[in-house]
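I am attaching a structure below and will ask some questions about it afterwards.
The first chain written gets the first letter, and so on, giving A, B, C and D; residue counts start at 1 in each chain.
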Amino acid sequence: MKQEHCANTPPMGWNSYDYYDTTVNEEQVKANADYMAAHLKAFGWEYVVVDIEWYAYDAGSIRERYQYIPFWKVEMDAYGRLLPCPQRFPSAEGGKGFAPLADYVHALGLKFGIHIMRGIPREAAHRHLPVYGSSVKANEIADPSNICAWNPDMYGLNPACEGAQAYYDSLFALYAEWGVDFIKCDDICRMDMPSARAEIAMLHRAMARCGREMVLSLSPGPAKIEEAWYYAQHANMWRITDDFWDHWDSLKDMFDRCELWQRHVSPGCFPDCDMLPLGKIGKAFGNERDTGFTRTEQVTMMNLWCIFRAPLMVGAELTKLDDWTTGLLTNETLLKCVQNGGTPKLLCRDEESAVWMNEDSVDGSIYLALFNLGEQERRLFPEAAALLANGVSLMGKKMRSAWDGAYEAGKMRHDVSVVLPPHGSVFWVWR
Amino acid sequence: MKQEHCANTPPMGWNSYDYYDTTVNEEQVKANADYMAAHLKAFGWEYVVVDIEWYAYDAGSIRERYQYIPFWKVEMDAYGRLLPCPQRFPSAEGGKGFAPLADYVHALGLKFGIHIMRGIPREAAHRHLPVYGSSVKANEIADPSNICAWNPDMYGLNPACEGAQAYYDSLFALYAEWGVDFIKCDDICRMDMPSARAEIAMLHRAMARCGREMVLSLSPGPAKIEEAWYYAQHANMWRITDDFWDHWDSLKDMFDRCELWQRHVSPGCFPDCDMLPLGKIGKAFGNERDTGFTRTEQVTMMNLWCIFRAPLMVGAELTKLDDWTTGLLTNETLLKCVQNGGTPKLLCRDEESAVWMNEDSVDGSIYLALFNLGEQERRLFPEAAALLANGVSLMGKKMRSAWDGAYEAGKMRHDVSVVLPPHGSVFWVWR
Amino acid sequence: MKQEHCANTPPMGWNSYDYYDTTVNEEQVKANADYMAAHLKAFGWEYVVVDIEWYAYDAGSIRERYQYIPFWKVEMDAYGRLLPCPQRFPSAEGGKGFAPLADYVHALGLKFGIHIMRGIPREAAHRHLPVYGSSVKANEIADPSNICAWNPDMYGLNPACEGAQAYYDSLFALYAEWGVDFIKCDDICRMDMPSARAEIAMLHRAMARCGREMVLSLSPGPAKIEEAWYYAQHANMWRITDDFWDHWDSLKDMFDRCELWQRHVSPGCFPDCDMLPLGKIGKAFGNERDTGFTRTEQVTMMNLWCIFRAPLMVGAELTKLDDWTTGLLTNETLLKCVQNGGTPKLLCRDEESAVWMNEDSVDGSIYLALFNLGEQERRLFPEAAALLANGVSLMGKKMRSAWDGAYEAGKMRHDVSVVLPPHGSVFWVWR
Amino acid sequence: MKQEHCANTPPMGWNSYDYYDTTVNEEQVKANADYMAAHLKAFGWEYVVVDIEWYAYDAGSIRERYQYIPFWKVEMDAYGRLLPCPQRFPSAEGGKGFAPLADYVHALGLKFGIHIMRGIPREAAHRHLPVYGSSVKANEIADPSNICAWNPDMYGLNPACEGAQAYYDSLFALYAEWGVDFIKCDDICRMDMPSARAEIAMLHRAMARCGREMVLSLSPGPAKIEEAWYYAQHANMWRITDDFWDHWDSLKDMFDRCELWQRHVSPGCFPDCDMLPLGKIGKAFGNERDTGFTRTEQVTMMNLWCIFRAPLMVGAELTKLDDWTTGLLTNETLLKCVQNGGTPKLLCRDEESAVWMNEDSVDGSIYLALFNLGEQERRLFPEAAALLANGVSLMGKKMRSAWDGAYEAGKMRHDVSVVLPPHGSVFWVWR
C-alpha cells in the first residue's frame, strides 16, 4: 500500500529538463529554487526537481552526437550507487551527495526531488561492485539483456536475483538520508520489458522501507491503460504520454489521453501530462527559445492541465519568466480547481472540440473548460444536459471566467455561450 | 446524452440464451416470466429478455451443422424490419409483433427486452425493400462487405448513406410501439469494424428519438478499454468479455476484466460480465446440464458480480431452479450492495487472490469480498491498510457474513481472517 | 500436378480492365482482338481477356458511387453459374455464353480468356439454386462469412461441404464448352481467408477435370512468398503486387517484388507483375488518359517485365495504340528474352539502382538490364564480377542495345558503361 | 560479390556445440579432428569448427545459472579483439591465437573454423580500447542499445560510425593470420535489429579484404525469406531454423522450412538446417545422451539434409561414434547427391508426407526421397507425374535404394511403391 497522505493533491513544481537537458548545476538549481520561494510558493508550487544524469561527467559536452555519452565516467560510490557529479554539484564533494542542496531547498520552505534511471549502473556490473546490505555483487543482479533503448547508463535488475531488492533499498536509504522528497524514475512507465511490474514493486517497497515520505513519479509514457490499477497501487504519478513539447499536435493529442485516463484521477494518484513547456526552454538542447505555443495555446494547455488536475511541473527557466507567463502559473481559480477538485469529467467531445468539468470538493463550485481544437472559429455551450446527466445543475449559479482580458481568447455572449478562436478555450467557474 | 434515469442501478433479469439458444418460444418466455414474478420480483429482478433469432424460421433444426442456418427464411415486414417468427410466437400473428408478449410481461409487473443484431437483414438488401420513413431502399444502405463473423443474418449499415439512420429510427419506433424496455444489440461492442462508433451513435440516437425509455446493452465483448468514455456516453451496459460459460478459467479471468473496468461503474453505466450460467442450462445447445461450476464457485461468481455491481442476468431455466440456486439469487446482502453500492474498488491482488470492496451509498456499510483464486487453501485478511488508503476504517464496525453455513466455504477465524478453500470466497458487510 | 505443356513461356495478351473497368462489350473485345491479330500476333501476343463483371447488368452506370453495384441483377443460369450479360454480349443470348465470342477469337488465331471471382453468386445462395451434378444447393456450399472485401458479388465456398468441388467442376465444364483458354481468378491470391489453399486446390482440380487446356492466373496480390511452392503447384501465374497503375512509386516498388520472387520463374510458373498500363487507359474509370509514365519510364517498365519474364498483358485500348507504343510491344530482343530466357537473376542492387540478367536457353545470349531508380543521373556498369559469380563471362562476346535511338535514354560509353538519367534504363544483349 | 570458388558444394564438418556447449578445449578439438581425418575425411568431411565462447574464462562453471556468465573475464588483445582463453587453449599463449590449432588441423588435411558473435566486446567499449588500424576507440563504435538478447558478451556496432568497418577488418585480418577457413557469425541471421543488413555487409567486406578464402555462415535462424537475395549476395550459409535439437517436432517442422527455401540452394549458397544431433550429444549441457531420435528418424534426417543439400555439420562427439552412426555419415549415395546434386525440388506434400527429388549434375542420376511424416503406416509412390512436370522421366531407368537393410525402414514393393512406417523414409537413386 502506498503512503497515505502523500500527494493528496497534484504535485506542483519545477523540473530542470526542458531548459537544461542533462547539464543543470547546483547554482542553477538554487537560482530556480530562490525564484520559486519568492514568487510561486505562495500559490502552492513546492517541488524543485533535478532531472536526468546529475551523476554524469561531461554531460552535454558532445551534444551534437550524443544526448547521453555512452561508456563515460559517472560518479558512484563503492556500492554502485550514483552520486552527484562534483563538476556540477560542488557541495556533494566528500560523499555528501545531495544532502547540502536538499537542505538549501528545504530552508526555503520547498521540497527537493531527483530523477533516477531504473536499474544499476553498467559500470557497477562490469566492476563487480558489492551491493550494500547484502552478500551479492552488482554483476549478479544486473540483467545484461535488460537495457534502456535510449540511455546507456544502466542495466535493469533481474527481480529473481537475491539482492535486487537490497540494491533498491540501499538507494532509497541514501536518498532518505539526503532528504529527497520526490523521485522521478525513468525507463519504467511504459512497461515494455518483462521485469516492469516487478521493478515497480521493488521501487515501491524500497520507498516504503526508507522511512521518509516521498512522491513516486514514473516515466516515460505512454502508460498502459490495462495497468491503471497497478500504477495506482504503487505510484503517485505516471506519465500518460511520451515526452511533451511545445507543438500543437502534441497538445491536441493530450485531449485523447485525458479522455482515456480521466477516471483514474484520485487522491495520491495523478495521471501525468508531463512538464509545461512554457517561458524560456530548450537551451541545453541547442535551441534556446520562447515556448513555441501561442498565447492562446498556452492558456488552453493550462486550462486542460488544471481541469484534469494533472501534476504541474514547469519546464521554464524560472529566473527568466516574464509577467505574462507568471500570470499563467498563478491563476487562483485554476489552482483552486487543482487543489480542491475531484475526478474530472469529459462532458462532450468531437474531433474539433471538448468540454470538461470538475467539481470543487470544498465549496461545490463547478469548473467548466470549453476547448476549440479545430482550425475554425466555433461557438461552444456549457452542455447543461450532460451536466445534468452527471447530477449537476447550473440553475441559479453565477458564472465567472477564470481569466481576465489579457489571457482570454473567446468572445463571451450574454446567452452563456462562447465563440472561440482556433485552439482557444475558456475556463469558467459556477457557484 | 443518455436518458437520465435509465438503469441507475445494475439491470437484473433473465435471458433466454443459456438454456434455449435460438429456440425459445412464447410459452417458455411466459413460464419464465411467471416464475420471476412469483419468486424473484420481490428481490429486484425485473427484465425478461428474448435472445437471438426470434425472427428465424426453423431455428435450431439443423443444430449439428449450424447454430444459425444461413440464407434461411426470416419473418420480416415490408420495410425490412424483422418480426417474431409466428412458428414460435403465435401472438405475433397479424403484424402484432412482440406487443402481446410485452403486455403479458408488463401485466406481471416486469419489463420486456429483446436481442437484435446490428444492421439490416441480408434478405432485405437483396430484395431492395424500402426503408420506412425515407426514400431509400435497403440495398442502398446495406454495406455488402460489413458482415458479422459468426451470424449470417444481417449486413451492417453504411453510416455515410442517407437513410441509414432512418432505418434504425424505424426499428426503434416499432420497438417502442411494442413496449420494449431493453435492447441487447449484438455484433457491435468489440468495435472491430470501421463503422462501429457510427453504428453505436445511430442506435443511441434512434433510441433517444423513439419516445420510450429503454436500456441499451451492447454485446459481445471484450469491449475496448480505450473506448470506455464512448460506451458510457451511448449505452447502459457493455460486455467486457466474450460469451461467458461455466468454466473456472473463464471465471478466474473475469477478475482481470473487473480490475480493468472497475472505475467505469457508475449510475447508468455498467460494465457487463455476461449472464450467470447457473441452474439448468445448455438444453438447445444439445447439452442440457446443471451448471458446471461447483457450489463454491457459484458463490464466488455471485460475490464477484455483486461486489462489482455487474448487471445480473440469469441464464438458467427459471422453472427448474432448485432451492439452493434460488438462494444464490435472493441473498439480501449481496443485492443490497448491487442496489446501493457505488464504484467498486480492488484493494489487493495477486495471481492467487483478490480482495474487493464497495460502499453502501445509503447507510455507509462497507462490503468486502475476499477471493482465493488459487489451487491451495489460503488465509486472507480484510486489508485494513488498503481500506485506510481509500479513506475507510473498519474500527468500531461490526462484521457479518452475507452467507450462512449452507453457502459458506471459508472457515472464519476470531482474529478476522478467513481460511478459504481453492476457488472459494467470502462476502462480508461491516457497519 | 499441373498440365504439362501449359504456359511454358510467359503468357502475352490484352486485358480489358485498364481501359474498360467493368464495362467492356462484345464489339470492343472483337475490335481489340482484330487489332491484335493484325498487328501483334506475329510477335507472340495471343490472349484476349475479358475482365471483371461481364455478368453484371448496368455495370458502370453509377460509377461515382460504386465500382461494383451491390445487390444488383446478374445474368445466371439455373445452377448459379454466371453468364455474359446480354446487354453487352448479344451473342450470348439463348444460353450460348461466351462460345460465340471465343469462336471469333479463335478464328483470328488467338486465345480467349475470362476473369472470375472465386466462390458462388450471393444471389444463388439466397435463392437456394441447385448445384449442377450434385444433390446440394447453393445455400449449403456458400459460406456466409467468407466474402470479398471489395466486390459484393459472391460468397466464398466452404471447402468442407460436399458439393463445393462439384460447383467448381460445373463452372469449368461450362468454360471448356465455351472454349475458354485462360482463367484469371480474383480475390484469391493474397490468401487472406482461411479457405484460400483449399479454394485454390478446388480450382486446380476442376481445371484438370474439365478436359481443356487452360492457363490459371491468380489475383490480386501481393502473393505470399511463404506459399510460393503452393502457387507453383496449382497455378501458372500469381500476382506479386496489388493492382499496378501508372505511377513511378509503384514501378520502383516492383523492383523489390521482383527481387523477392526471382527464383520462382520457371516453365509453367510466372510471378505476375500485373498489366502494362500503356497507351490509352482509364476511360471507364472516368479518367481517360495517356499513360502517366514518361517514355523513359515506359521503357524501364518493359525492360523489367521482360528481363524478369513476367507475363505481358497490355492494358491499353489496342485500337488507339500509337506507333511509339506499338514499338514498345514489339521489340524483338526483349520478346526473345521473354520467350527463350530462363530464371532471371538480380546481380546487384541498392536504393538507387539495379542490374538484372537473363540467359537465352536457345542460343546462350546474355541479356543485361541496368536501371537507375534514383533522382540523379548515374553511371552504371555491367557487373562483370557478379556475372562471373553466376558462371557467366562477357569476354569475347559482342554487345548490342535492344533499343534504338528513339527509345534510348542512356548515353553509352566506349568503356561499356552507361550514364542513365533518373528512372532510366538500358537493355543489352551479349552474344 | 562473394568469393567465386568458395563453398561450391555444401560444407561438411564437425561443430563442438552440441556436445561441448561453451566448454570445448584444445585437446578435445584435436581428438575430434584426428577422428575426422582417420574416418570421415575420405567421404568429404573437412571442417572442424570451434563454437561459442572460446574466449571466455570459466565457461560452463556456473551452468545451472548461466549458459554465458555475464560481465566475466574474457581473453582479449589491446585492440578489443577476442583471443582463445589460455585456460582451455594452451597453444594460444603468448598471443598466438588459434594459429597453432589451425596448423594442427591443416596438417591433417582438414579445414579450421570458429564461431564469433557479431559486434565488439562490451568490455572493450567500457575500457575505451583503441580500434586497430583506425583513430577511433571501442566506445565510439559500440552501440549501447544494440545487444544480443541471449548472450551478454558484445555490443553491436553502429554502422554509421567511422571505424566500425575498421574493427571488422581488424578481426578478419587476425583470423586470416591464424589460418581460419570458416566463420560462423552469430546473432545476425534473424535480422531483428536495425543494423542487420549493414553488419552483414561489413562482415562480407572485411572477409573480402582479408586475403584468405573463408566460408561465411550466418546464425541463428530463422532467416527471413524476404532477404533471401541479400543472404545469397553476402554469405555461403544461413540458418533457416532456430537451434535444432533431437525432437521429432523440430525435424517435422524442417520439412516446411525446406519447402520455403528450396529454390535458394545453389553453388556458394546453402540454406542451413543446423547441426545433425547424432551420436553422443549434450554433455556440457548437463545431459549427456545418445541422440533422442530413433534410428528411423535419424535416417529420415539424413535423407532430408542430403536430398536438400543442406550443409552437413555433425554435432556428435566423434570419438564416441558407433558403427551404425558412422554408417549414417558415410553413405556414398547420399553424399554423392550432396556433392553433385543441384537445386532440390519438392514434388508433392501434404500434412503427412513429402516427396523430394534432386538430379545429379554429373551423371544425370535422379535422387528421390519419400517421407512419411504421419503417425500411421503409409504407402508412397515416386510421383511420376510430378517428375514429368519437372522434365524428368524414370522410364527405362534402374532404381536402387541408398540404404541397405540395416538402415531401411520401408517395405519396398515390386510395383515401385514403398510402405513406410511412421516417421520413416527411403532414398532412391534412378539411373
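Side notes on the structure shown:
The rule we apply is simple: contacts are C-beta pairs under 8 Å (C-beta built on N, C-alpha and C of every residue); 3 or more make two chains touch, one makes a residue touch a chain.
Computed from a predicted model, the values in this text were never measured in an experiment.
Common neighbours of chain A and chain D: there are none. Centre-to-centre spacing of chain C and chain D amounts to 41 Å, using the average Cα coordinate of each chain. Computed from the mean C-alpha positions, the centre of chain B lies at a distance of 58 Å from the centre of chain D.
Counting partner chains per residue, chain A shows two or more touched chains at no residue at all. Chain contact topology: the protein chains form a single closed ring, every chain touching exactly two others. Annotation, chain-chain contacts: A-B, A-D, B-C, C-D (touch as defined at the top).
Residue ranges of chain C in contact with chain D, taken from their complex: 1-2, 4, 225-226, 228-229, 233, 259-260, 262-264, 268, 346, 348-349, 385-386, 388-389, 391. Listing the residues of chain C that touch chain B in their complex gives 70-72, 122-123, 125-126, 128, 139, 142, 144-145, 147-150, 152.
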